[in-house]
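Residue numbering begins at 1 within each chain, and the chains themselves are lettered A, B, C, D and E in the order written.
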Amino acid sequence: MADVEENVVEVHPVSFPPEILARISPELSLQRHLSLGFRSSSRGFEEFRDVTINTENLTDDKALKDTIKTNNEKQILGSCVLKQGDVFVITHITGGVIEDSTLSPDDIDEEEDAELLEITEENSDITKYTSVYPVVEVNRGRMGACTDEEMITSQRLYDTLLHSKILTKKSLRVDPGVRITNEDGSVEIIYPDTEAKKEITKAMTPKKKWSYVLYAKIEVFGRTGPVYDMCWNSLMFALQSVKLPRAFIDERATDLKMTVRARGRNAIVMETYNLLCDPEESYRLPLRDIGKSFASTYGLIDLDPEADISKLDSAEDEDESMEGEEEEEVKTVLLADIDGEAEETCIKSTISITTCPNGRFRQLSIVGGGSKITRELLQKSIALSKQRSSDLTLKSQQD
Amino acid sequence: MNVQTGYLQNVDGSCLYSLNSTKVISSVTGPIEPKPRQELPTQLAIEINLRPATGVPTTREITLQDKIRTVITPILASYKFPRQLCQITLQLLQSGETESLFNQLELAACINSTVFALVDSGVPLKNLAIATTIVIDSNNNIIHENITDDILKNNKSVHVIVYQIENNKPSNLLLMDSHGDFDEQDVLKVLEASESNVRQLNKSFREYIQSKLSN
Amino acid sequence: MAKDIEISTSESKFILEALKQNYRLDNRTFDQFRDVKIQFGEELGDVLIEMGKTKVHCKISSSITEPYEDRPFEGLFFISTESSAMAGPQFENGNNTGEDEVLISRIIEKAVRRSGALDIEGLCIVAGRKCWAIRANVHFLDCDGGFVDASCIAVMCALLHYKKPDITVRGEKIIVHPVEEREPVPLGILHIPICVTFSFFNPMDMEENVKGESNSEIVIIDASLKEELLREGVLTVTLNKNREVVQVSKAGGLPMDALTLMECCHKAYSITETITNQILKEIKIDNEKRDKYSAILSSENARETS
Amino acid sequence: MSRLEVYSPEGLRMDGRRWNELRRFETSINTHSHASDGSSYLEQGNNKIITLVKGPTEPTLRSQLDQTKATLQITVNLTKFSKFERSKTTGSTKNERRILEIQTALVRTFEKNLMLNLYPRTIIDIEIHVLQQDGGVLGTLINGITLACIDAGIAMYDYISGVSIGLYDTTPLLDVNSLEEAAMSCVTLGVMGKSEKLSLLQVEDKLPLDRLENVLAIGIAGAHRIRDLMDEALRNHAQKRISNASNK
Amino acid sequence: MSTLVIPGDEITINPDVPVILGPGMYNDPVTRDILPVNAGILNTSNSKKGQTIYVEYDSKRYTPAVGDLVVGIITGSFADSYRVSLANFSTPVSLSYMAFPNASKKNRPTLVIGDLVYARVCTAEKELEAEVECVDSTNGSDAGFGLLDGGMIIEVTLGFARSLLFNNEFPLLRDLAQHCKFEIAIGVNGKIWIKTDEVKDTIACYRSISDCQGKSYDQFRDIIKKHFQEVTTTVEE
């Protein structure tokens, strides 16, 4: 502790070209840029990178045409390619079908299970919603196990989607039709669309429930900037493009039983049905509008007065921007859509907001390891995020 | 809230922490010699490991670990021990919430428990950090104590807030993690409610440490 | 690889010398098993075992799943024993391929799972389609020796304590009744295996041990951490109250006379009896405590709990 | 597997042995002289194993270096074709916990028997390949290592001989094969030389406590016979080498 | 005056007097704030040199500080120094071959791995490996440092070790001395070495010292008495 009283070593007048300074002292380079009123990417403090979106291009329409077992092969149900600055985020959504074996109250047919409904009644809200299973892959040009960042982003996407209540369990329910062979030998698929048809399918299909499960694979190329934001926005666009195939059961398979035997004991087991996907018919995934939202992240950083170039050679530099004058009071600046190594490593305090176009939030995460997060800055970032959200919504409508 | 520090023998600091139905043990060992790949040239490195009450650790636990890290890193006086390691291990004994849907109660409990264990271990801290969970229910009521799994399930929005404690008062916001449906007003209301919660917790925190020391 | 605990020559010499003179550091006799403290948590199947400073926590969880294809009449049962740095920095996080970790988990596996302590056929719901999967999550919290013994007790206590939710099967559908609504059902426990670990020390040199006739090796029960670090051989005997050997494991180490080993087995039996009785007693007390509330809450369809 | 008679009223086992008879025990020593410093090929009944001992050599990893004694490393390779049913696991069996357990048990058994303190700062690497298994493999592995270590010239206190004994109702059956192993509880022993000292003792299935002593007694006697068989094989082998050497 | 402080508490410091920061205090390299970093009792004292501030707190993990008397285990030896462990899993410290009485290039110390030594910390820079010495560098004598032969190690908390070493009022050693003869070396790293003539006495001392941790002074006598009685009865059995 003896060196406490020692003075700070003075800055030697050694000069480096900007690109070298950025490498050897990212912090200083960043501060210098900021003191001049813009960022190393030459964006303004509150300026976002440009976003272009392309949905449904990867959706495999041909695969839909081939009748395939949904359990085994995954087809792309929805997709989105998002480009933000130099980053590409490719999202494709695939699906599978699972059988619901345990009942939740919604699943019970009213008439016969009314009594059971009563005992298993749960008034819980969140349990009625579901999420997709995202896998985020950040390409770094080499193979290897998942990094923490990938896992954390996947988990955050899952959590946010679930708590946004955008997908109800009901909307993913499979209402299977039946494929029957008519007397004349022609094959027809009956879906429970009308009352009459409902009767037929009800008689034919087993009392089982199936649901779609959605998986999202999100690949990030040229990672820089807030991965979560780009993944979330891309996922949002992709989800809106999802088309689910209709599924049916073959008539012949509706009453299949088989025996199992082990150690001298017998039991009859109902065989698993092959649920088949209709190559012709599909429908758009119903999403609840209240969940549609877009994410943006803001970084907060304290300006270091020592790094202020304008003060170093203030004699000649008089054309200072607004920030320069305010600097005495406002020492913390807010940067939108942080990107680049310097910004990502030096900024310790971040605010990440997922906002609906109507201004309500779905997710908010503030990390305050660095600069103090004041109410003003929080409000400023909230305002920006609302603006950003409506911008992106517009974009999705234009699409 | 129930706290017992110095619960374990073989680690430098430990804390058994329970709040309502959430129960967690945390342990801290350090500063110790790190593995070469963990070493930081100028700072104390931290390693956090969290184990769920049932099953094996998944991405959920990794996400929680990351959140705990963002809170613990700024409060450690990490430049005091360069090239050393602080090993933090957390074991949940009882989750108190539906693990597939929530992690908010666990997160708050883990953070508070870790801070207690750090104090117990004598690892240098610049400040304390105190976490609390707040729920806004479907009637827009703010619920800030005795949060159960049922309350969580019926939430409109749910928030975890961590404040830094400076000079016995909550000062900086270290973490806010919110999900659900809420607006700007809600955020401000939650921050206010959490601040008084944290004040309360800080009081009992201090009392506990005081009683522990006077023994 | 995690580092080991360092122990000085003086210390190891002294501990061995003390053993030769019939002393153990913690004031126990050679045949004395530490007192076992059993604490049940708030939830069912949540148990904390303390043996001296050793602490092991075990929690049971259950879910409904599909049985293995080749065993349609059996449920699933797993025991997970992963060590973490909590028990001491000598344990590496998530490493379950270390020598000691493997031996501990294999012995518990053999003692509890392989010996059929849990009735897995009773976990079958619909043959070939649905069954219960029971998972015993063992958490090593604090290590002062005797992890095997303590975890075995912890797993058995937790299994005895746990009750799975009641279910109704309606054709292909299964309705799980929350614990608050219907009295949950205990698991079928067929026998209670108890592990007792013996540690061997050689007061003479190796030649005497191999060639000599004296059989002077020191045998102690339930070693503490320091004793475990210094021991030259180890034997874990698992028995149940029916005088059955469930599992014996002496994986190398100091060669020991067969008769001495037999003697160990008999000593282990009396310990097994005491601990089994203690477990049953504490389970009963806890059940009664819980019953006070459930008597009020349970509806007319409450089941008989055997 | 329905009612196969494990032990007939006439006192014969499935493969025609009496209760106290060992299986065929055939061995060749120094089978892989170019690949190792000591090797053995052992057939104990239908168990067929190759054991290779390399060392003492300089360790490749620093962590294997011990200032006071040699590091012993044993790798067991249970080949996929060694059993009637091919094992389904696609990956290697290297990290299977059962294999790790066997390896650890073998290391700890031989650590106390080999005079490792004579070879400080070296490593002794033992590799075992199980070509075919038919019950009581652990015992066979012990025998294989003993033979190979002697061939490698590593100093040891005594032979360790391994054997498995089953308990059928009240009759102990010596040196069980896989059918017997599946039908009853078994005990595996590793016995030090001609003594009654057990290096290794493993019981994996339920067994009445009061029968254990009887089983151990039979096992120890069986292990002593195996020791004699190994001793004979080694002496014959040594004789041959000596005569070969003197002929030149 | 003693008050409880908790990390983050503000401390009033007279700005005119030079400050010496002791354990538990920290000068933040970025903000230049002086903070307590451990929870404990704040101690301030004034002397001619300035005011000294430190926090008295108990812990288990030792970090080397210059002048500390420690008990360490030799865990390795190199060309010119030993590696010494002061606490399990901590970064080891070094003990130079020259840091012994009458050391010279030819006269090498004869410690081997596993030996215990009593030593003094001579350098402890946080960025560098700490060093200990077994010689009193002012006069070159052994000053009681060096190999600790035989005996037994007791591990205690650092606070307890400090009271044992520095607090003259602490009655434990005095009470122990009434029961047996012993040699003792107290390391502030929480390791206490004790040696007596008989195994049973060492055992009794070991148990007494371990048990007296966290107990009040007046209980010591009874604890010690109990343990000495126990060891004698065990022998008779």
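The working rule: contacts are C-beta pairs under 8 Å (C-beta built on N, C-alpha and C of every residue); 3 or more make two chains touch, one makes a residue touch a chain.
Keep in mind that this is a model prediction, so the values were computed, not measured.
Distances between chain centres, each the mean of the C-alpha atoms, put A farthest from chain C. Of all the chains, the one whose CA centre sits at the greatest distance from that of chain D is A. In terms of their C-alpha centroids, the spacing between chain A and chain E amounts to 55 Å. Look at where the CA atoms of chain D average out and do the same for chain E: the two points lie 51 Å apart. In this assembly, the C-alpha centroid of chain A lies 26 Å from the C-alpha centroid of chain B.
Averaged C-alpha coordinates put the centre of chain C at 39 Å from the centre of chain E.
Residues of chain C found to touch two or more other chains are 3, 89.
Residue positions 29, 32-33, 164 of chain B are each in touch with at least two other chains. Counting partner chains per residue, chain E has residues 89 touching two or more of them.
For chain C in complex with chain E, the touching residues are 3, 5-14, 17-18, 21-23, 25-27, 89-90. Residue ranges on chain B touching chain C, taken from their complex, read 7-11, 14, 21, 23, 25, 27, 29, 32-33, 47, 49, 51, 53-57, 87, 89, 91, 93-94. Residues 63, 95, 97-98, 100-101, 104-113, 157-158, 187, 190, 192-193, 195-210, 212-213, 216-217, 220 of chain D are the ones touching chain C in the complex.
For chain B in complex with chain A, the residues that touch the partner chain are 59-60, 62-63, 66, 70, 73-74, 101, 103, 138, 150, 152-155, 158-159, 164, 171-184, 187-188. The part of chain E that touches chain C in the complex is made up of residues 73, 75, 85, 88-89, 112, 114-116, 148-153, 193, 199-200, 202-203, 206-207, 227, 230-231, 234-235, 237.
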